[in-house]
Amino acid sequence: MAEATISLNHYLMLSGILFTIGVFGVLTRRNAIAILMSVELMFNAVNITLVAFSDFVTPAALTGQIIALFTIVVAAAEAAVALAVVLLIYRSFKGINVDRINFMKW
Amino acid sequence: MLELRGLIDAIWGLISGLLSGLGFSPNLISLIGYAIIAAVLFGVVALIVLFLVWWERKVSAHMQDRLGPMRVGWHGVIQTIADALKLLQKEDITPKAIDFPIHFWAPVITFVAAFMVYVTVPFGKGLIVSDLSVGILYIIAITTFTVIGLLMAGWGSNNKYSLLGGFRSAAQVISYEVPLTLALLGVIMIAQTLSLGAIVTQQDTIFKWYVWRQPLGFAIFWIAATAECNRTPFDLPEADSELVAGFVTEYSGMKFAMFFLAEFVNMFTASVIAVTLFFGGWMSPFGPDFGPSWLWFLGKTLFFVFVLMWFRWTYPRLRVDQLMGFAWKVLLPLAFLNILLTGIGIYIFD
Amino acid sequence: MSDAFLTNLTFYVLSFCVIAGGIFVVSSRNLFHSAVFLVFTLFSVAGIFVMQHAYFLAAIQVLIYVGAVAMLMIFGVMLTTQLTNVRLRHVNEQAWPAFAVCLFFLGFLVYGLWDTPFKISQAAAPAEVTRAIGTLLMTEYVLPFEVVSVLLLVALIGAVVIAKKE
Amino acid sequence: MLQNAWIIPALPLLAFVLIVFFTHRHRALSAGLSIGAIVAGFIFSVTILFKVLGDPGPHEFYFKWLDFGTWDLQMGLLIDPLTAIMLLVVTIVSSCVQIYSVGYMQGDKLFSRYFAYISLFSFSMLGLVLANNFAEIFIFWELVGLTSYLLIGFWFEKKSAADAGKKAFITTRAGDLGFIVGILIIFFACGTLNFQEVFAKIETGAFAGGLVTAAAIFVFAGAVGKSAQFPLHVWLPDAMEGPTPVSALIHAATMVAAGVYLVARTMTIFAASETAGLVVAIIGITTSFMAASIALVQNDIKRVLAYSTVSQLGYMIMALGLGALTAGTFHLLTHAFFKALLFLAAGSVIHAVHTNDIQEMGGLGNKMRITATTMFIASFSIAGIFPLSGFWSKDEIVAATVGHPIFLVLTLAVAFMTAFYMFRLCFLTFTGTPRDRKKFDHAQESPKSMTVPLIILAFLSVFAGWVGIPWLEHGYSSFVYHHHPHHAEPSILLMIISLSIGLSGIGLAYLIYYKKSISADAIAERFKPLYTLLYNKYYFDEIYDAIIVQPCYAICDFWFWFDQRIVDGAVNGSATLTIWWSIAKRWFDDHIVDGAVNGLGYTVRGAGGILRFAQTGRLQNYALVIFAGVILIWFLR
């Protein structure tokens, strides 16, 4: 098998597919927590990209890994705050379907 | 002196020679090797756990001035095996209202996660499957799967006692994981490595045991580890008297056995971490190569398992509000203090 | 049978796990199942990290995502789901347009990535990656590190304040 | 070791912070913190003294505080024998005073605040002593001024105390203006503020001539203000409104000595200019003589001591002006101890009888034995009686004036007056019959926490001067000196003269106030104009009021009038004009501008009514559009 080894493009493709799945989830799911999960998928897709570039392009500098580390931390903070918001929405609207929360319309 | 590494190498040499003689490719042989290692590891840990179950029963019995199992084998040594066989044979009752896949996979995940830890545990000189460079972190990370298993069990059973038990257990395990990790950080700061193998070799005499330099860290770790294992006085998730049996209410037969075994594996794991990080692991206290290393490891670990059992039969259970308050208001600040003191110590002495 | 074959096999298996897990996360009707698949996906991503020699990051991924973020999600699911067996639509009415747009986006992405050459460096990674990351965090990236720590504190307090009952 | 000397001032600062933020509700803890910090500082100072005895240095440690490229401001330590001695003096006196304060301030509702201030003062004073450059010394200089202000006005609900605080602050500020001008001159001339570098420039002659004289005199102006020298001495007697321990610490032993210390520290500058030296000496002796004469007739026990302080500071300044650094700083050392003791003993008396007026005291010696004994020891010391501390240091100063006949005569006159007024004070307070029976009956000896510091200081008042006995081979003079050790030949004749002058002063006081064989009133009657002049302190306060304060008020009145009439008139006039102009503009606004704006508004509202339906209120709609838009833009790029 000539092109046997996994190249950077493979990882980027994987990342792209995962990102697209995440985007689809964000755009279509009605449940707020499902949307948050989809956002986490997008974060992970980005992390794969970062680490892939770090591994293939700048293996000595580790920049990608460190940024990915920061992404993980920020994602954790985001998840905490977002879930707090979701809980608040749940208490105020007796439900967390985002298409019910549409009173900011015309 | 009786080091097992040589024996293992010899046996593996025999097997690999045989396999390559049969025309297997090196890759396949190494795959088969991994499989054998996994099987042996599983067997060893399972054996230890069987022993622990029996031991716990004996210890508790003697603490209460009873005899415990006496009939099956010498002093009831093979009682556990008999019990396990009984559980295997029992009907696996699956309630109708459960969320089947979740209910089914919960014990499996718990059980597998409990065993995955042993990949990077140094059992003796050279007896380590893979000395990961991020060893401690790996163990901490893998143990979090236990929580997933518990929550799945609690949710999947579709039963209020199970759900409450799952909730309590998850909250407890997550809360105590924070001080536990921070307590281990002290050792990591001093050792300058995350690899368990390296940490063990740094403690080659009794005087270099990290417990002397990290007494507070060890105390925090040990309390948190007791809570992590859901052992008394922190056994609220299964508090029989309040929640029937918590998240295992709806489980029976082999699935129940998996939870049960996983609990004992976790107990053993906690002792292993304590011994490895704070008490020199397989290193003998009197300098290197004093007696077989795996025996030292086993002896130290079993001592700590015994301490856990001792706790269980000595202390009453905490209330749920005391439990969380203790983790966040006492252990966590103490763990931070420990890190601060360690930092100052390193700054001053190194 | 070669070493490369094993690597490829691992990659494709892991990729399959990631993608299948992801699809289940966004398509499962049962939120709890979504959450469990999220855990599965995130764990597989940790495997991808291991393949990319980012062992520390893999451990952190498991610790933070599986141990904390996914756990939060599960808690969120448990705290907000009313236990009714009414089957509701789990996607909104723009599902098909969104699907089209996403498909287009994916196609575009695949087209773009198929043959693009990158500057692959052959430089060796630091011997002790974990130590190198630690050193970098305390030297070159100390400012982002501090900022992130402040952010975490703010998020912690913010989450408590927001979620607290009046 | 020596580079860690910064800990000495840091400890009181820490105590200050802790008291202010944490322990201010807890009296014992506050006092303990404060005393603990300064006693620790004292122990550290002793070790530093021994280090410096081994290697006099000067040792300098500093870091760049503000780096301006070509030059920088430093923060640092300069440790030489003078610093070591000053550290010791400050920490000893401060320790004694703080221990004393525990008893003296007991029952005051601002007890903790008092200790916080005292700690802040100790920090500032120690920092001042350790400073290695003009900028740093000026910062601490102002800090001690601030704490002095806070402590004088400590009982701020009393108007006189608040006023005295302000007076002290403003008067010293006049001197500080000179000081900062001096610093600027030095910086202009040398391009640096570091003491060592400035001195080096002077030694090499790079900084010389009139500029040095100007710099020296301006710097000296700061010392004049802080050390209460003529003509800025008026604040110190009023500063006695503060608690007595504060008077002992700040206005007798340490802060007022800061001026002397400043001159001693920058001795090289003064030595470089004869004119400046002469000015310093003249101001010193003038102050000394004037203050001593005022002290002769005052009746307030603390004011007598205050004028005595001014007078003794004048002594030191004069000695420094005459180039006798050893004599000046040696007197600073001994004076710190016996003057702190005098104040603390006076405080003990005031504590007992609740009055400051010596005419209402008398006969207290039997009731307050420790206080009386220590006060007499201090008085003998200040009068220069052999072999107490004061004798040796005063003798050094007298020896320094040999060769300047006018100075010599005036110095001896001051010595006579000093002995006289000190013993007038002691006899009126402790001997004879009680003149106010009620207060006498009420009086009793002060508690242990007050008497123990008195005993410690009495011990020092007797023995501290022995380090400077002129026959000593390696005494004080071979430790603290300018350029080269100054070994004044011990002159027995001079010693006998100064001793006999001191004794005759005591004798006169004994005759008038103990034996009553000469009537004090008769003398006062005889020299009525002189007595009135002295009693009213040469009318300094009144003169300053007439030539500075009243003109200030007059100027203020004028500008108030100007503001009311001229400025306000202009403002009002322009306002009226503006109103007319506004009315005109309003019409324009209502009809022309609003018309245009409303027309636009109607158009926008119409368009919005149609377009608003794009706002579905659903986040995911927006997100889809955004995402699709981004892809589109990327695609069309």
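In order of appearance the chains are A, B, C and D, and numbering begins at 1 in each one.
As a working rule, a residue touches a chain if its C-beta (ideal position, glycine included) is under 8 Å from a C-beta of that chain, and two chains touch if they have at least 3 such contacts.
Bear in mind that the values here come from a model prediction, so they are computed numbers and not experimental data.
K.L.:
Determine which of the two chain pairs, C-D or A-C, is joined by the larger number of C-beta pairs in contact.
P.N.:
Higher C-beta contact count between the two pairs: A-C.
K.L.:
Centroid from C-alpha atoms only, then distance subunit B to subunit D, rounded to Å. What do you get?
P.N.:
Averaging C-alpha atoms per chain gives centres 69 Å apart.
K.L.:
How many angstrom lie between the centres of subunit A and subunit C, each centre taken as the mean Cα position?
P.N.:
Distance between chain centres: 6 Å.
K.L.:
Can you give the whole-Å distance between the Cα centres of subunit A and subunit D?
P.N.:
66
K.L.:
Pull out every residue in subunit C that's touching 2 or more other chains.
P.N.:
2, 5, 56, 60, 68, 70, 75, 92, 94, 98, 101, 105, 129
K.L.:
At which residue positions does subunit D touch at least two other chains?
P.N.:
Residues 618, 620, 624, 627 of subunit D each touch two or more of the other chains.
K.L.:
If we use the touch criterion from the header, which chain pairs count as touching?
P.N.:
Those chain pairs satisfying the definition are A-C, A-D, B-C, C-D.
K.L.:
Sort out for me which residues of subunit C touch subunit D in the complex.
P.N.:
Going through subunit C, the ones touching subunit D are 92, 94, 97-98, 101, 104-105, 108.
K.L.:
In the complex, go through subunit C and note every residue touching subunit A.
P.N.:
2, 4-5, 7-8, 11, 15, 18-19, 22-23, 25-26, 31, 34-35, 38, 41-42, 45, 48-49, 51-54, 56-57, 60-61, 64-65, 68-70, 72-73, 75-77, 79-80, 82, 88-92, 94-95, 98-99, 101-102, 105-106, 109-110, 113-116, 118-121, 123-126, 129, 132-133, 136-137, 141, 144, 148, 151-152, 154-156, 158-160, 162-163, 165
K.L.:
Taking the touch rule as given, give the residues of subunit D at its contact with subunit A in the complex, in rising order.
P.N.:
612-613, 615-620, 623-624, 627
K.L.:
State the interface residues of subunit A toward subunit D in the complex, per the touch definition above.
P.N.:
23, 26-28, 98-99, 101-106
K.L.:
Subunit C touches which residues of subunit A in the complex?
P.N.:
1, 4-6, 8-14, 16-18, 20-25, 27-31, 33-34, 36-38, 40-41, 44, 47-48, 51-52, 54-60, 62, 65-66, 68-70, 72-81, 83-88, 90-91, 95-97, 99
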